[in-house]
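Please find the structures below.
Two complexes come next, and they have one chain in common, chain A, joined by chain B in the first and chain C in the second.
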Partner chain A sequence: MLFASSVAEDFLRGILQGLPPGAVYGLIAVGFVLAYKTSGVFNLAFGAQAYISAALFFHARNEWQWNVVVAFTFAVFLVAPAIGLILERLIFRHLPPGSALAKLVIAIGLSVALPHLFELLIGFEPVGGRTPEGLLPNGGGVFYDPFGVYPLSRNELTALVVAVIATALLTALFRFSAIGLQMRAAVESPRMTELNGIRADRVAAFSWALSSTFAGLAGVLMAPRFNTLAAPDYFNLIIVAITAAAFGRLMSLPRALVGGFGLGILIAQVDTFLPRFSANNSWVKAIEDNVTPAMPFIALFLLVAFWPPLRANKDQVDPLSGVDPPPQLPVAVVRTRFMTNLTHSVGVGFLSVVGFVVMTRADKSWVFLVTQAAIISLILLSITVLTGLGGMISLSQGSFAAIGAFTVFQLADRTGMSTVLAAVIGALVAAAVSGLLAIPLVRLGGMWVPIATLAFASFFDAVVVKLPFVGGGDKALIEGTRIPRPVIGPWNLTNDKTFLVFVVLILIVVSAGVIAIRSGTLGRSLAALRGSEVASQSIGVSPVRPRVIAFVISGFIAGLGGALLGMQQENVNYAGNFTPYATLFWLVLVVTLGSRTVEGAIQGGVGFSLFDRIIFRGDLFGWILRDPDRVPGFFPVSAKWRFVLFGLSTIGFAKHPEGLVESGKRKSHERMERRRARREARKSLEGASS
Partner chain B sequence: MNPILTLESVSANYGPFNAIFDVSFSVNPGEAVALLGANGVGKTSVARVASGLITPSSGKTIVDGVDITGARPHRFVQAGVAHAVEGRSVFASLTVEENLRLSFQRVFGRSGVPTAIEKAFSEFPALERRRDQLAGKLSGGEQRMLSLARVLVEAPKLLIADELSLGLAPVIVKKIYDQLARLRANGTALLIVEQQVGHALKLCERAIILEHGRIVWAGPSNQATERLAMRFTEK
Partner chain C sequence: MSGILLDVRNIGKNFDAIAALSEVSVQVEAGERIGIIGPNGAGKTTFFNCVLGVLTPDTGTVYLASEDISQFPVHERARRGIGRTFQRIELFSGSTVRDHLLIAERIRRGTGNLWRDLTGRGKPRIEEIEACDHVLDLLGLGELANRPIEQLSLGQGRLVEVGRALMTQPKVLLLDEPSSGLDHQETADLAETLLEVQASSNFSIILVEHDVELVASFTDRCYVLDFGRLIASGATQEVLTNPVVREAYLGENIS
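And now, the complex of A and B:
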């Protein structure tokens, strides 16, 4: 009897314990569904928007000493909708409807750029241990305990009540108001909405203002749950929220809220009732300790991969998309032979000069950065294969790279194997994992691949890395995850410059491979599938095989790159190199600069490693002015600008889906072709007259 | 009396691709004009310019005496131009009833919507049986009926109907043209874009023939057949 009552009590406690986090998950899930429903954007930047309002509220209260009501109104009802309106006006209005993938990429760019931009503008720095306060006075200190089993704080109750009321209001808005219907119509086809006599741009602006206000509200309400206000935590919450939103098939607001509560309660129950196995088996313990926070990721992955109703939710195509001009062909396809030769020789010439200078003049730190640029370029090539050629977006490239690096670490640590051989094995393991992951995913609609891979990356981050046979466990905490550099015959790669040559050789081989794939059968099958899956199938192209192979190759390249990065730093350095949030920036770089070409990836690598040093620290200015002392006073510029710059340039993706480099190249080529044509016309004229 | 629609030397393009060149014509109130021509001659582009979906690169679009070149489509709708676009022209993600509600809310206000919807259903009983179904799940003919139901109830000054017969069974095509005839009888001007000339010419008194993005002939519809036949026998 005693036993039964204690189980019931535990169960009730689990429910109460799950309510507050459930309310938070529900709030973001509702906001996420709201944004998706009204703007068609899979808004991964929702977390960033929530973070900005929360941090602004926090900053206004603590630094500017504003009154609660004023700070709340300012952060949630002024700044939050203003951000939404700006985003709509500057970016999303210019995107054709239905381009879900483009919108997703831009949202990823924004989730990198916005928090950094905000921090730079306001001068906000996350300070560890300063717990954000809630709306009501002493919200974290007053508790209510109606059942005598688990006390809820005033902050938690506020979030709970607001979540329920806000969801009810929004549901009513959609069910009973004209604007609710108009918002849904405008998502599917702004032009057809206009043909009904409705101003689609105003409707879209209202949608953005509404969902952004909700983001701000959610951000402020959930802030007290964190020890420290920091952007990555908000980003991670988004993944949890997507899980809750998936229960409502991304369409139903009340179900998203229920999904949020359900998830919160489920986690609390599992935490309460999960049997404890022996603590002397270290890897079982690692799983036990980390599986609860990782449950949303597992649930999301399983839902996306194996729950058919979710997949049925494919994009609606705008029937009037034919009004938009067709996309342009890449320059490399349409340019003349002369321009091709010219471009190639300029490229080779430039790289030779850079190579010569680096090998003869560069000091240790420059060699380090150039090597890093080459390795990151290699990793980014994995994105070129998958996104540029395959048209699929994976957010788990960081995990694949980490698998490569960890394999090298484990093999070198346990068997003393040469790290070059270990790197190849690591790349193969990454390729295998990537391929296995791809099998259930590639049949899904375009949008679900990034979400499922993000779920995988989060799971990898939360659980797999902690396993002793992957991340090294407790031992690695003390000794680090060391990777020695190899010696191949006469080559001693502990020498930095020799290692650089080694890396560049690998980069050249892989680049050549990627180019070969692009023009080979695989590249063409992928291009066909990107164009139309149905049409491809009708001419006998399997919709699964080429994509899975693309994943395998991409995983291999990423794994190899990860292994090399570990070798270069002589440590895996997971937290610094490979976390899901950090590696979002990789995708942003490739997509901004050009995902179709090898140059795009290499420029991305250079941008990742060298931009900061060359531009932001003022080294380039110093070199141009021939005197480091004459560099203007505003240098060095904060490295955060790098994220802002590249993050915001994903906006360019709206106008130039081929990438900034590619579109710049097109313009310069057109200019040169015109000049050449004029010169030849003049010559033939002179020839005729003489 | 002003023509309801006038295009004055209109040219238009999709990015680098030019679609129509120097097209001029007008449609008078209550008149029915057929826009004819083979595949890809620019009929749909003319229709899109006429409803504001494409902004012309040169030339003017004048609706009911007012030059609204470059205005957004909702201005054209407010000026009395309705456009039933080629292919699917309903919101697939909304139900049949929501599609109707969306159009009627603007014209009849909140309180007028139920009456207007009932009126639409009395015209098209087939739609009433599917009122709670997603419009994307309707058959091609039903979708076309739905887009016509929206305009039939609110009767615009000009209806641009783009390839209404495309991919439909002859019985349904006939039904749709009967509805157009009724609309016309109530005073709506029509601009009918068609590849199947038979129905269109029976309904319209004037015809315009496009070739390679230019108007090559305009005149009474009873002479159009002859003219079209000539084109094909010449080659």
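And now, the complex of A and C:
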């Protein structure tokens, strides 16, 4: 009897404890659904927007000593909608409707760029080890306990009340006002709406401002729940929001709020009842603290992979998309064979010179950076296979790379196996995980693959890494996750230059493999599926098999790259290399520079590793001026600009889905064609006159 | 019954409350050309989608060469011999005309695998390219083989779809409004080409069409769909003069 009453009491406590965070989840989910409903943008940058408002509020209160009302109004009702308006005006307005995937990629770029840009502009540094204050004075210190089981803090009550009121107002706006109807029409087809005499861009701007305000509001209300104030926390928040939104099939505002509450309560219940099981199961104990925050990721993955109604939301196609001009062709298809050979020779020549200089002249730190560039290039090739050839976006490449690295660490640590053999095994394990993950996902359609893989990556990050047989557990905290470099016959890879040669050889082999795949059956099947799934099926192409194989290959390459990165650093260094937030940048790089070509991946790797050193620290200037002391005073530039630059350049993805490299190639090709045409015209003119 | 190649029995499909197809049965003999006509929204494309498996019908069975293929996914049905073109043209953007046919040819041969790809033996072979170019020449697309698909007109795109479907060497070819977007002459040329190709490889054709003239000249038998039901079938000439059909389809009030 005593036990039963305590279960009931625990249950009630779980509900009360779950309501306040649930309200904030609901709030951010509502804003997210609003943006999706009215602009068709799956706004992954929503977390970044919430972060900016939260950080701005914090900064205004603590640094500028502003009054709480002023700071709140400024951060939530001025800056937040302004960001929404700017994003709409500068970016999303110019995207063709129906390009859901392009919008998603841009949102990913923004979620990398915006927090860093904000931090640079204001001089804000992420806060750690301190709980940001809420709206009301002493919000975390005053409690109300109506049922005698769980005391609700003043902050928590504020969040609850604000979320319910805001959602009610928004739902009323949508249902009963003219602008609500216009917002719903505009998402179907802005151009159709305009044919009816409505300024679609104004409607879109209004809804962006509104949804961004929700992001800001949720951000400020959320802040007291963490004892940090940093962008990655808020990025995770977006997954929570998507999960809550998924309960309402991404379309219903009230259901998104209910989904938020449900998720909050679910987490609180797991938090309450899990300790009862973990007492008897040591492995549950190991992940107990992490399962709770990982609940949204698990829920989201399961929802996306196994809940059919959600999949019914196929990507929208604009009824007027037929009037758009067709996309342009890759230059490699149209240029002459001579030009192709010439380009290749120049490329090989340049790389040979670089290789020679690095091997003979470079110091230890340069060799390290060049090696890192080669390894990152290898990892980025995994994105080339999946995104460039397969047209699918995975946000869990970091997890696959980490699986490779952790496998090497565990095998070397436990069995003393050669790390080269272990790296191959690690790549195979990553390939297997990647393939298994792909099976339920590949039929879901463009948008859901990135979402589900993001959920997987977050789950891996929160739970799997903490398992002793993966991340090493407590032992690794003390001893680190050491990976020794091997000796293969006469090759001693502890020598940095030998290791560099080893890595470059692997990179060449894998690049050749990717090129061979592109022109082979798999590459052609993937290209066909990318072009039209139903037409590919009608000629006998399986819609599942080629894509799963692409995932397997991609996982293998990422795992191999991860293992090599671990070997280079002689440590897995998960937090520094492979977290989901950090690896978003990989995708951004490849997509910006060119996802279809091997060159794109290699330039991405070089950009990732060398941009800082060469450009931002001013080394290039020093070298040009032949004197490191004459480098201008504004160097070194903050490395954060790297994220801002590449993040913002994903905006070009909509216009040049083939990437900067390819569009650069096209421009120079067109220039040469024009020059040749002029020359020939002049020649024929001279011929005529003489 | 031995001559029946494709036997579609009692297909029914509902979209929520709307009965898109109910109890539609169609038989096609080897080498036969049949037509399916009906007003917009009669369920013609839905019928194709059910035959190929793009949609799962609520009731009914599809037999191809006496084999029940109702449970097979689309690509398995395609490999067993159902080829198709689309009303709203479906091409592979970023590919050349020849690429469209090459992948179909490769899948038909079944010679592609990952190991061949990785060892550099996945590129198109000479005999594959020749097979594709043969079909392209038949369709009058030989000149365009290396052209990117984006540069083609709608009519040429329809021909590429036909070529792609032909590469699978189908037993039965489903043509979904091939004349839409083509002018009179282009339609006539397409019909002539199809007759030539069909004469040499003897497959069956089901033609869904608005262009009654094309149906009359091209098909031996035809079926008429109206609001998801078969309202008539038989020899094309007879069906087209049937008063019920004229009323439903051509809107003529016979009384």
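The rule is short, and it goes like this: the second predicted complex is superposed on the first by the 661 of 690 C-alpha atoms of A that agree within 3 Å, B and C clash if a C-alpha of one lies under 4 Å from a C-alpha of the other, contacts with A are read in each partner's own complex, and residues count from 1 in each chain.
Here is the rule we use: a contact is a pair of C-beta atoms (placed from the backbone, for glycine too) under 8 Å apart; a residue touches a chain by one contact, two chains touch by 3 or more.
Treat the numbers as computed from the prediction; the structure is a model and nothing was measured.
A.B. asks: On chain A, which partner's contacts cover more residues, chain B's or chain C's?
C.D. replies: More residues of chain A are touched by C.
A.B. asks: Between chain B (first) and chain C (second), which, if any, makes contact with A:Ala528: first, second, both or neither?
C.D. replies: It touches chain C, and chain B stays clear.
A.B. asks: Which partner does A:Arg482 reach: the first (chain B), the second (chain C), both, or neither?
C.D. replies: Once the two structures are laid over each other on A, A:Arg482 reaches no partner at all.
A.B. asks: Quick check on the superposed pair: does A:Gly197 touch chain B, chain C, both, or neither? Answer first, second, both or neither.
C.D. replies: Touch status of A:Gly197: first partner only.
A.B. asks: Have a look at where A:Ile517 lands relative to chain B and chain C in the superposition and call it first, second, both or neither.
C.D. replies: It touches chain C, and chain B stays clear.
A.B. asks: Could you look at A:Ser542 and tell me whether it touches chain B, chain C, both or neither (first, second, both, neither)?
C.D. replies: After superposing on A, A:Ser542 lies in contact with chain C but is clear of chain B.
A.B. asks: Residues on chain A in contact with chain B in one complex and with chain C in the other?
C.D. replies: 326, 328
A.B. asks: In the complex formed with chain A, which residues of chain B make contact?
C.D. replies: It comes out as residues 13-17, 48, 51-54, 72-74, 77-78, 82-83, 85, 87-89, 91-94, 98, 101-103, 105-107, 110, 136, 150.
A.B. asks: Under the definition above, what is the set of chain A residues touching chain C in their complex?
C.D. replies: Going by the criterion above, the answer is residues 326-330, 333-334, 512-513, 516-517, 519-525, 527-528, 530-532, 534-543, 549, 553.
A.B. asks: What does chain A use to touch chain B in their complex?
C.D. replies: Chain A residues touching chain B: 178, 181-182, 184-185, 187-189, 191-201, 316, 319-320, 323-326, 328.
A.B. asks: Flag every residue of chain C that touches chain A in the complex, lowest number first.
C.D. replies: Going through chain C, the ones touching chain A are 52, 54, 73-75, 78-79, 82-84, 86, 90-96, 99, 102-104, 106-108, 111-114, 116-123, 148, 150-151, 161, 164-165, 167-168.
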